[in-house]
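Okay, so chain A shows up in both of these, paired with chain B first and chain C after.
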Partner chain A sequence: MSTETPAIEIHQLARKYGNTDAVNGLTLSVRAGQCYGFFGRNGAGKTTTIRCLLNLLKPTSGSVRVFGLDPARDEVAVKRRLAYVPDQVAFYPWMTVAQTLEYLASFRDRWNQQTQRELLDRFRLDPAKKVDGLSKGQKTQLALIGAICPEPDLLILDEPTSGLDPIVRREFIQTIIGAYQETAPGRRTVFVSTHLISEFEGLIDQFTIIENGRAALTLEADAAREKYKKIRARFAGEPPRIDVPGILNLRRVGRDLEIVANGASDEIIHRLNAHAPESVSTEALTLEDIFLVSLK
Partner chain B sequence: MLLQINFKSGKPAYLQLVDQVKAAVASGGLRAGDSLPGIRPLAEDLRLNRNTVAKAYAELESQGVIETAPGKGCFVAGNNSPLKKEVRIKMLSDEIDAAIVQAHHLQIADDQFLDLVRKRLDYFQQQNDKHASL
Partner chain C sequence: MNPRIAKDIRLIALTWAITIALMIAASALPQIGKGWAVAIAIFGCLTLAASIFGGEFSHGTISQLLAQPIDRRRIWREKMTLVALGLASVILTVVAIEGTPWFGFVGIVAACAFCTLPFFTLVGRNTLSGIILSVPIPGIIFLIGALLALWLLRPSAGTVNEDRLQFWMNSYFYIVLPAYCAVVFYLGYRRFVNFEVAGREQPGVRLPGSVQARVERVASNLIPAKYRHVRALVAKELHLQHNTMILFLIFTALQLLGLICAKLAHVEDADLFFIVPLFMYVGIIPLVIGSSAIAEENNLGTRAWHLTLPCSVAFQWFTKLSVVLIAATVFGVAAPLFWVVIGRSIGLLGSDSFSPPLALFFCLVFCPPALLVTFIAFYASSFSRDTLRALLTAFAICAGIVFMVALGGGLFESSSLPQRISQYSAAGGAIRVLTTGWVLVGLPLSCFLFLLLRSSFKHFASLDRRRIWPNLLTVVLSPILLFFLLLTLAFLIR
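What follows is the complex of A and B.
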């Protein structure tokens, strides 16, 4: 493992609203250069956590560090190096697309004009158009362009695709992350919160599932797909009863048996083979399936 | 060459890419000097993270399958594995051992196994001939 300072380090973070625990003992660490998924259902504590990273909220207890710094103490140093796109984006309605980007650029040390032109072109956004007249999807595209042109070391996206057309959203998140990583891949870290996981399947290096304010599961995506398996077997007669720790779900329909397992798939297949199945097949669960079974 | 990723296979995406490129080279679909797609367009095409494609290309390069020409991208290398012959034979033996173990558990007899190996070698040769005649 690299000894480099993590882009984000959250340790035992807790944040209460009155008597309600929004975040309650969350720990996670994001390496520089990773694309990190922060998965959880609505109300699991995702936005509260992000607000603590941005010093928009003070933790009740525990700590957050961004690039090794405390965002409450070194707010400017932290914000200089990151960009954040909230789930609801807002702009000055009277400005045009070009004026909005110029305005955003005025707060930044650096601004990649070429990336701006390329993405306005890709998304067919007219620079002369008033922001007021943009669709919700176009406003999100504008916010994403504004976030990556300053070439931040960390890009924090909070539900970037919710409420958008399902066909376009996959493509444009891919385009944005591709453009973002292009300039200096090792230093471009993405932290994306979402409950629409299938759109991020191939993009995620590592993820944390947050539930009731704490980490329910943290894994590298490849390791997760290797561990969580769906095993199907068909038998000549009634399927056997098998009991192996690691079975999350078991369905028997006629001569078919379907098992969802967390690890232990070799052991399960070994046991199944002892009952002379007609066929056995295995497939990995997608990250979305893993999310669903872990929250059962 | 058409690369594709199947997340349900359980095999890491970067390894799927490595294996597909190696298979294409072995069957003549890709030849020495052919260029590979750039990292960013391929990542966008396959809906992968750039890191994943970069990792696959780095792995292919370390195995001597491809070469990087600065500013020009990646190309299929000539037959010049950087590894010594003994090492290469050892690596292949390990793979063959795994196939032998599989054969045992699938109740495939030795002569059937050897027959199958010949058939697969023929298949790759045919693919090569087909690509050469194009």
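What follows is the complex of A and C.
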């Protein structure tokens, strides 16, 4: 398989539940080595898409490929290369933490014991403790350990940080996922569906915003920050009226004018300067802001 | 209507509706129908009384319910009133179908269910555990009391003072059982009023870890160490069968006590002590084994991620099926056979009870239905949200099949076919008749098994819960249609 083969390739994916379109013509491609964000409101079709990727649901139409393979036909080959952390983590209550990891390891050819020890220490999980006695956050931590130790090429995370406290959340996202990708740069891919976009801000290379089962926006994170700008201008008197294509949001607060622009920031600044503002400043939008403005 | 009460009605409505519908359907069957209706009523009473709290656990709503600004005693009253109404309607249906002879027996079962099931459901934190715990305890009390009575009566020369034995029976039914029910009802009430939500997800009632570990070790040693994923899968599947193991242990205890009682009492008719628990066990255990296989994973919430492990779904399904079949053979066939052999060897089961040779009886009459019921429950388990629903669905499918077979039998009897077959057989066509019979039964049965297994795999492999009803109808009706088609063909060819 060439290195050009995308880690995930979804083409015109559609999935219906009765008469409801959960996913309706979604197309996206995730390059190997990327950290890919998959954002959307509740019920936008994120979990359905992930389940189609994992062959837990059959697409109504369209195609899904993981490392160029069909998850339905090359089921085991696909599953060997990925690990999945679901939104609702559950384990067998009779097992201890160590037994659960041993159970998960029994299905894998590769299992990094050192990583397991390190992560257990970092999360302060007692290997002898029964899974039944773990809190929701601790179960999520255990699921994350179980997903990272086999060193998969693709990590699929569905709302991975729900239930984690802020310290662990930050540590998990920045240290663990970062370290996981850095140990094999260009090879390890992370596909993350989340609401907590700001937490993943520095990690996301590319993202798709899904709305009503379709890709509403797909962009490289850097290109998005370049494209989406917030422009603030202060005027001596009342702010002028500006009408330029590309303005997504315009707000007047006293003498201040705040504009959220999509790719036309130079033109807007040029127009603003024509009205002799006291000051003009621009800043890149965060991914969360981009998510919010694009769904408005 | 108060939405809270509407919600409570919804919790027991399915069980209630299935029970009443099956009772009415069963009563229409010739000969065995009324007995079936009573059996269904008993099963329905237990499930109905357990569902009122069990439903809250299976939906994960118990903490939400208890967090509402309403007195828990009021919730208890409302729930128990609904259960009482539901049970009363079942009793009335029994009276309408059966007349008064069964009123007392079903009434006692319903009263016991009303008083004890809420407590045991709250202890077990799910419906099935509640039923499994509540059923044998009155039986064990009865048997221990009977042992005590027998020791006091000291039967000699093979006879027991019937009056004194009757005195014990009356004491049990009029004093011990009501006292037990009253105590457990109060305990249930106290438990609900002081109920603590521990945050655990359906811990249920489990066997001690050491027992499970021992069973696991025995099973694991049978599989070469290099197949460690198979070992892990088998061990996990055995754990999922914990309800089966608990039921087996309870049955063994009951059977041992029954055996001692029957032996001490020198009973001629071993029905009450020995055969009734045996028949109850052989009826329930295949349902429990099959139902636990997949639905138990849904209970635990582990099914989705387990399917994503690097092991083919087909292999996971096959491992489940294999463990289920082995469990059905060991717990559902071998264990009852063992008790029948014991019963025979000590003279409890005379030649009247089981006249054909035992091995033949088990191979031909008992084993195939037990395995078939296991397959049906396995199929129901593949699309059910929890084990209890799987068990109920499997029970309903089995009852439906019995109903249709009995109906078919009635039609067969009333037609001229038996006469024609005997004429044909007399004319030297016996082998052809036999062959036709095998084809008539074998083909639809094979078709049924194929559809059951194929559909269970399809449901297991996908989280898609659509098209369950059409699939259910296809699985059940296709073999029946095939049977009638073959029957028509047989007629036409002749």
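Just so it is clear, the second predicted complex is superposed on the first by the 285 of 296 C-alpha atoms of A that agree within 3 Å, B and C clash if a C-alpha of one lies under 4 Å from a C-alpha of the other, contacts with A are read in each partner's own complex, and residues count from 1 in each chain.
By our rule, a contact is a pair of C-beta atoms (placed from the backbone, for glycine too) under 8 Å apart; a residue touches a chain by one contact, two chains touch by 3 or more.
Bear in mind the structure is a predicted one, so any value in this text is a computation, not a measurement.
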Putting chain B and chain C onto chain A via the overlay, clash or fit?
fit
On the A-aligned overlay, A:Gly254 touches which partner chain: chain B = first, chain C = second, or both, or neither?
neither
Of the two partner chains, chain B (first) and chain C (second), which one does A:Ser106 touch, if any: first, second, both, or neither?
second
Could you tell me if A:Pro245 is touching chain B, chain C, both of them or neither one (first, second, both, neither)?
neither
For A:Arg80, using the defined touch cut-off, is the partner it touches chain B, chain C, both, or neither? Pick first, second, both or neither.
second
Looking at the overlay, does A:Thr175 come into contact with chain B only (first), chain C only (second), both, or neither?
first
Give one of first, second, both or neither to describe whether A:Pro93 is in contact with chain B, with chain C, with both, or with none.
second
Quick one: name whichever of chain B and chain C touches more residues of chain A.
C
Name the contact category of A:Gly237: first (chain B only), second (chain C only), both, or neither.
neither
Considering only touches as defined above, state whether A:Asp222 meets chain B (first), chain C (second), both or neither.
first
Can you give the closest approach of chain B to chain C, taken over C-alpha atoms and in whole Å, for the superposition?
26
Please name which positions on chain C make contact with chain A in the complex.
199-201, 203, 206, 209, 212, 228-229, 231-232, 236, 239, 300-302, 304-305, 307-313, 462-464, 466
Touching chain C in the complex: which residues of chain A?
17-18, 51, 54-58, 75-76, 79-80, 82-86, 88-94, 102-104, 106-108, 132-133, 135, 143
Where on chain B does chain A make contact in their complex?
5, 7-14, 40, 43-44, 46-52, 54
Going by the contact rule at the top, pick out the chain A residues touching chain B in the complex.
33-35, 170, 174-175, 177-178, 181-182, 185, 201-205, 222, 225-226, 229, 282-284, 286
